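Two complexes, one shared chain (chain A), two partners (chain B, chain C).
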Partner chain A sequence: MSRTPRISRRAAAAAVTVALAGGAAACGPTSGDAGADATPHKGGTLTVLNQAPQDNFDPARQYTTGGGDIPGLVFRTLTTRERANGAEGTKVVPDLATDTGEPSKNATVWTYHLKSGLKFQDGTAITSADIKYGIERSFAPELSGGPPYFRDWLVGAENYQGPYKDKHGLDSIETPNASTIVFHLTKPEGDFPYLATMTQFSPVPKAKDTGATYYLHPVSSGPYEVTENQNNGTHLVFKRNPYWSAATDSQRKAYPDTIDVQAGLDPAVINQRLETSSGTDADAVTTDTNLGPAELAKINGDKELKSRVGTGHFGETYYLAFNPKVKPFDDIKVREAISYAVNRTSVVNAAGGSSLAEPATTFLPDQATFGYTPYDWFPAGATGNPAKAKELLKEAGYPHGLTITLASSTSDASYQGPAIATAVQDGLKAAGITVRINQIQDDSYSSTVDSVKTEPGVFLGSWGADWPSGGPFLAPIFDGRQIVTDGSNFNNAQLNDAQVNATIDKINAVTDHAEAAKEWGALDKQLGQRALTVPLFHPVYERLYGKNIRNVVISDWDGRVDVADVAVK
Partner chain B sequence: MTRFVLRRLIGMVVVLLALSVVIYAVFYLAPGDPAQLACGLKCSPAQVAQVREQLGLNEPVYLQYAHFLQGIVAGRDFSTGTGVLHCHAPCLGVSYKTGDQVTSLIASRLPVTASLALGAMVLWLALGVGTGLLSALRRGRFTERALTTLTLAGNAVPVFIIGLLLLLLFCASLQWLPFPTYVGLTQSPQQWFWGLLLPWVSLALIESAKYARLTRSSMLETLAEDHIRTFRAYGVSERALVTRHALRGALTPVIALSALDLGTMFGSAVLTESLFGLPGLGKLLVYSVGVVDLPVVVGLVLVTGFCVVLANALADTLYAVADRRVVLT
Partner chain C sequence: MSAQDLLAGAAPSTAGEAAPAAGARQVWRRLRARKSALAGIVVIALLLLVAVCAPLLTAIEGQDPTTYHDSLLNSAAGGVPVGPFGGISGAHWLGVEPGSGRDLFARLVYGSQVSLLVAVGATLVEVVIGVVVGLAAGLGNKLLDQFLGHTTDVMLALPSLVFAIALMAVVPSGFPRPLLLTLVIGLLGWGGTARVVRAQTLTLKELDYVSAARLGGSSRWRIARRELLPSLAAPVITYAALLLPSNVASEAGLSFLGVGVKPPTSSWGQMLSSATTWFQSDPTYVLLPAAFLFVTTFAFTVVGDAVRTALDPRAASRLRVGTGRAKKRGNDTKRGNDAQRGNDTKRGGDAKQASADAKGAAA
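And now, the complex of A and B:
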């Protein structure tokens, strides 16, 4: 789970951070290259034009969903996401391991066996010890930046400081032989195979580890190796890793011989270059830049351009978050009134229109993999139901309306700025609710709203998925034991309900994803009744790619054109 | 002259020290926890504490500052986990965010910004002084009005509009130029030039208006001075009058302004750098301020400060060359 705001949506979208890209529905490519010779071939150079640099290119320091796109070219992991269009692409499949993991009966012990014939870029064999070491070094404070799960999930890992300070290592990761690795968890986690897609599960040979400078020459286990890294990921060049074998890797097609990543570019320039598609830009894609409303309008009028737009969905919800510790939001009637009054049509328009945002009434994204279960407890229709809202306000003791303060960021780049805030303001006005907008400086927005000490009464919130499952979507927001009083707290409503907590534990132990999804959906529906959030919309990603790009695969896992599958010939 | 240089050097050290103290102070008053930001938003308080210790942020501020000064004079050692990274003097520390040495971060971006700033200055001086002179000599005529209008229009449009329009015209529509990417001068002078042409032009279009106005008014002022009148009375040709006598006096304020502009360009050409994807100092500064990366911010401010002070010293020297009444002390 990740909060996307802070650095701005654009920066966050960069592979380093949690994936942002967009998500639902059976999208996939709008199939541009339907020409006679659309068969992908090996060879050529793929160019990636991005805004955010691929910084700290070390598997321990990356915070990715499903192993990321560019990191996934170099770092293979125990499991990975299936490279397939739409919902098919939300599945976990084996990568270095022979299967997605064998759980013990209560899902607290997970065992993996490595495929045979796996090699690093120097030809040495990949062993289970290399994977254990890779995870252990992600605990080192020198290599900070990765996701928090390892500390929470692995036995005895809470205060572990990594192999540089503590040579003994973690006893909860066992390697009985060179091809077997066993994880002992503190609690049942049916989602472990999803976690095992993250780059921390990538092997690192201890002899080649150079600590904080490893990012310059990470040892590849994937189809490509880094041959050039300028200005910490601003310009990266990848060439083939001769020791990678397609026979052991069913997911990465690796068509291009070279991949050239140019970052630090302006979004308008990226889209202009893709549109013009001249020279090497014809062989280019972007992994972090969306088309804006104006650009989309232009492209929609041009058949050739329109054929080169890939639509993607990533599990992410934008919503109003309430802090019931602040009056009048302690009163559920007031929260319900606001839920009824909200005008989702103007909010969607403020987010760029219906092709870039879909109205939401559920907290979970509308994809089966999350357990999407439709509900609309406080039906506001397309444009709000002010009559019903006024009625509820009267019951709550505000017959003459109400004045509230909505906190937003100063930047619209993360969909949490003045544009969305004023759209909410307009809707509530019709119901007699006067909204004052309190703009908080963008770079301190998350730290303000995610601290129990400074959290406003109501603010623009967002949540994205670390992997496509209900767990990482609901638990951090609604699990009472995840309330953090002296750090970043994402349970903004500070809900601590024994029954909800017990349900979360129960579902976490389920290893059958479809079964778990159903139960997450039911929990979401039940939580929705409490009106702790007002879901506003799920974003949609529209991204342009160059003229020569073939074999476009966009999964609902991350919603982006998959760089491991794209071909330029 | 020696005294002048010495005084300037001492002044520079004092200015830079003061700058670094101010940045350190502002940094500790400003919100945002660099350890939390380096660790990630989801880090537990215990983990943030480990990172804070690793970054040396749990030491008192004055000690941190002392280490910083020590690094500049004698160099410092940093742990990489598996070994020790020696940061040679003058060491400006390592980035909290990436662990890169600040000196190498700056060294790799300085050529980009220097290329941008110097190239743009050549263009804007040529354009600005040229149009300024023409306007002064063709005072009140159509040429002056046309030039004034054009330069003012250039100045009125922000760089991200001019830049984008130039990109659209020359790279997208006409396709006369490739979309600019920065290639080092030593790598390929030709690609370096073509990659920087549009950024130079964009900056020059914006900056030259100031210079045109300044040159024009300063030229008119000088032309009205007594000694020029005397020269004219002695029958000195108009051409010699302008180029040999008037221009010299008229250029002094232009020199002062270019020095200032050039110096500040080293930290503030952010929009141009962003639009054209140039990995320069300004972009690094904005990013580093956002993630509260103190060592990088201090390093960049010192480098920018150094450039401004140096440019000013240079301007003062040129002043004396241009105007013999000025004496360097």
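And now, the complex of A and C:
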């Protein structure tokens, strides 16, 4: 729940309060460079004010995108995200490895070579065996929390229980020598370099592994090491790792000498402290707290404050999700009518206004890296097309209107609560559709909507990217083989179409990202015609930082002020 | 107010006011005499009128509580209403809600329906259950008394807010929310009333006229109905008058915590809850529901307090006997005062005696 980066699980999406996303590919951070007028210098203490604690600070237990913010300070990985503004920042670049990976012809075997001169915080050399061990231990049941891909993708990993129980390890990860590592996959995966950004690809020295307590003193491969960890990540202090060398790391600038992470704070408190910027708060940023609508209204008239807001986009879509197994949503005409009737202006305002949300008509976020291909099959305009919706309802056999029940969470914090639901409700009213809102307790919302047994007919859904590519965005939602009948099921429409499944397999084998993106976009456009979701909006990050913060970099990969790059002097 | 205080305050009525019809007129006269009580009554009457006439009032304004007005918001600035004081205009008398543009006057006026309905309903539930349980405990055998007594103790000891939140959360969302709120608040809050009624019943049933009725062959039900209930009216009304404002606050509290009425229904607590973050950028939005809530609870409290005083012959006689606040007045109307004193001496004395008895019984 506290994983800093956004992940595609709804559970986490609901937990990270105002972690937003979105994405106009063209417009990167607008005011992100404002603090960079002065040249950044080394030294000082960077303070990070966060809501969610950085709990279970073990590379096996983190679920990050692009290696995460704070985890990325300590855990270097085979590849990482490019620390650059805007769309440039959606690129995957080598980190511990010399390149982003050499695929075999059909993308089922991936080979990496390590840079030379890589060292742990104790001065010992980092070897490929350490990386292999790091991945293997993420299979141990006591180190749960990581992403599910390893079990699916690595040959023979399906029932692997980790190195504590099975000393032999995984044969599908080969280490022919100390600087080479080879992965054998069950199926072609062109996105493997993106997966290799996750903290599970960070080296763990077997001799120093303490199992379930490793999170207290993880061995650093990055520019900082953990010197203090209170209450499982509520207060973390990082100091420089003397054995890290900038010569082997082109991504992390590591300006501050110390980084002090304080979590467990209320979002209003974080924003108030950043706004006031007094004392150490002048050297502070947040990695998980957005400005709320009321705070934006206040900042709007204040030039000084406005210059300290970083705008970022993270690939995420909020939408109405239909369950076509429930009447009347089995009828595509009803689904189309709702698509026509929806008033996106009201919805965007309910999400905090046009600064915090951009109206969406596509399921994929509007960034090139996802393969964004514009389409609007059921044009509702800015405020809805009730006439067309009524016409379709009539054709569907509801000439006198229709009453539906929309499920929402009880909490507005995750954009799936009553505020959005009532905005949808008011929009559909004009088309003669009466919406009753069924509020589901926030803590059981995702388990209710993501179970085929309890899934409502229509509900407020969201999906975020594990990495900026169409694959992890479309496959879990529309791949028929990913329907889970007894557990978390994200294919909410329960679509199982042989042609769609085959297309997903075909694109997964493409190793050229630009080409794959184009095809994901085409698939998204084709899926959109089925009206299985009504895309509502892509959120935008608006985040305040302290007065002294310089060298602000906000990539479209995660949309946040990069803690590895900011300076306080 | 504890049950003990109430007993002390309300007990004298047992001796003093056997005829409730005359008492009611007298109480009304005493209430009217207090300016604060009168003002409170006027405010409550106005609020009731507003709640009843909500559809009419919003029709006059030309708005309704659920329609969105996106054009009235500055979307880029977080959806704050355009214009001064939260977008107050001829079309929207009290401005609009940030983020949705819904009319605040309409939402406040309709919100009063929920607040008042739930508060009054919950108070009725509390009074009915409290009186039934209290009477049954007071008149029943030892076993029943013990059982009901312990049940009441449990009700009083329950952390009612926590329980209310839990109950509101587990009931299926198809159940009408205002009714659910009424029941939850009412069912969790009857303990105090039951205690007071039981103690009163125990005192009353030893009195001569009740004994006479019993000897005359009246059934327990008849005694409860004909002999006890009229005398219980004063303490129960007093207690109910003080429960009302606390129930208004309870409803607001539950709605504030997000377990109250369902959207798009408005309630003051729900409005206040969504307004809290806006106190700097749109103060009007926060002040309006806060002011309505404050005025309502304040008016109910003032009236409740006045009702208690009016029903309390001790306090009333104190006014006339010339002690306390009435003392200064007493100087130049000496004769009148004396005359009144003469009239009331006996009753006042009785009342004090009864009060002491009741205290003894309670202890």
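Just so we're on the same page, the second predicted complex is superposed on the first by the 532 of 569 C-alpha atoms of A that agree within 3 Å, B and C clash if a C-alpha of one lies under 4 Å from a C-alpha of the other, contacts with A are read in each partner's own complex, and residues count from 1 in each chain.
Basically, contacts are C-beta pairs under 8 Å (C-beta built on N, C-alpha and C of every residue); 3 or more make two chains touch, one makes a residue touch a chain.
The model shown is predicted, which means the values in this text are computed figures rather than measured ones.
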Clash or fit, chain B versus chain C on superposed chain A: fit
First (chain B), second (chain C), both or neither touched by A:N438: second
Chain A residues touched - chain C or chain B, whichever exceeds: B
Which of chain B and chain C A:G44 touches, first, second, both or neither: neither
Partner chain in contact with A:D426 - chain B first, chain C second, else both or neither: second
First (chain B), second (chain C), both or neither touched by A:A268: both
Touching partner for A:G401 - first (chain B), second (chain C), both, neither: neither
Partner chain in contact with A:S346 - chain B first, chain C second, else both or neither: second
Partner chain in contact with A:S446 - chain B first, chain C second, else both or neither: first
Chain B versus chain C as contact partner of A:R151, first or second or both or neither: first
First (chain B), second (chain C), both or neither touched by A:P359: neither
Gap in Å between nearest CA atoms once chain C and chain B share a frame through chain A: 8
Chain B and chain C footprints on chain A, overlapping residues: 268
Chain A-facing residues of chain C, complex: 66-68, 70, 73-80, 98-101, 169, 173, 258-259, 262-264, 274, 277-282
Touch list for chain A against partner chain B, complex: 1-3, 6-7, 55-56, 63, 137, 140-148, 151, 158-159, 161-162, 164, 209-213, 230-232, 234-235, 262, 264-266, 268-269, 272-273, 275-276, 278-279, 281, 443-444, 446-447, 450, 484, 486-488
Chain C-touching residues of chain A, taken from the complex the two chains share: 268, 291-298, 300, 343, 345-346, 348-350, 352-356, 383, 410-411, 418-419, 421-423, 425-427, 429, 437-441
Of all residues in chain B, those that touch chain A in their complex: 31-33, 36, 38-48, 50-51, 53-54, 78-83, 85, 97-100, 105, 108-109, 164, 167-168, 171-172, 175, 178-179, 181, 274-277, 279, 283, 290-291
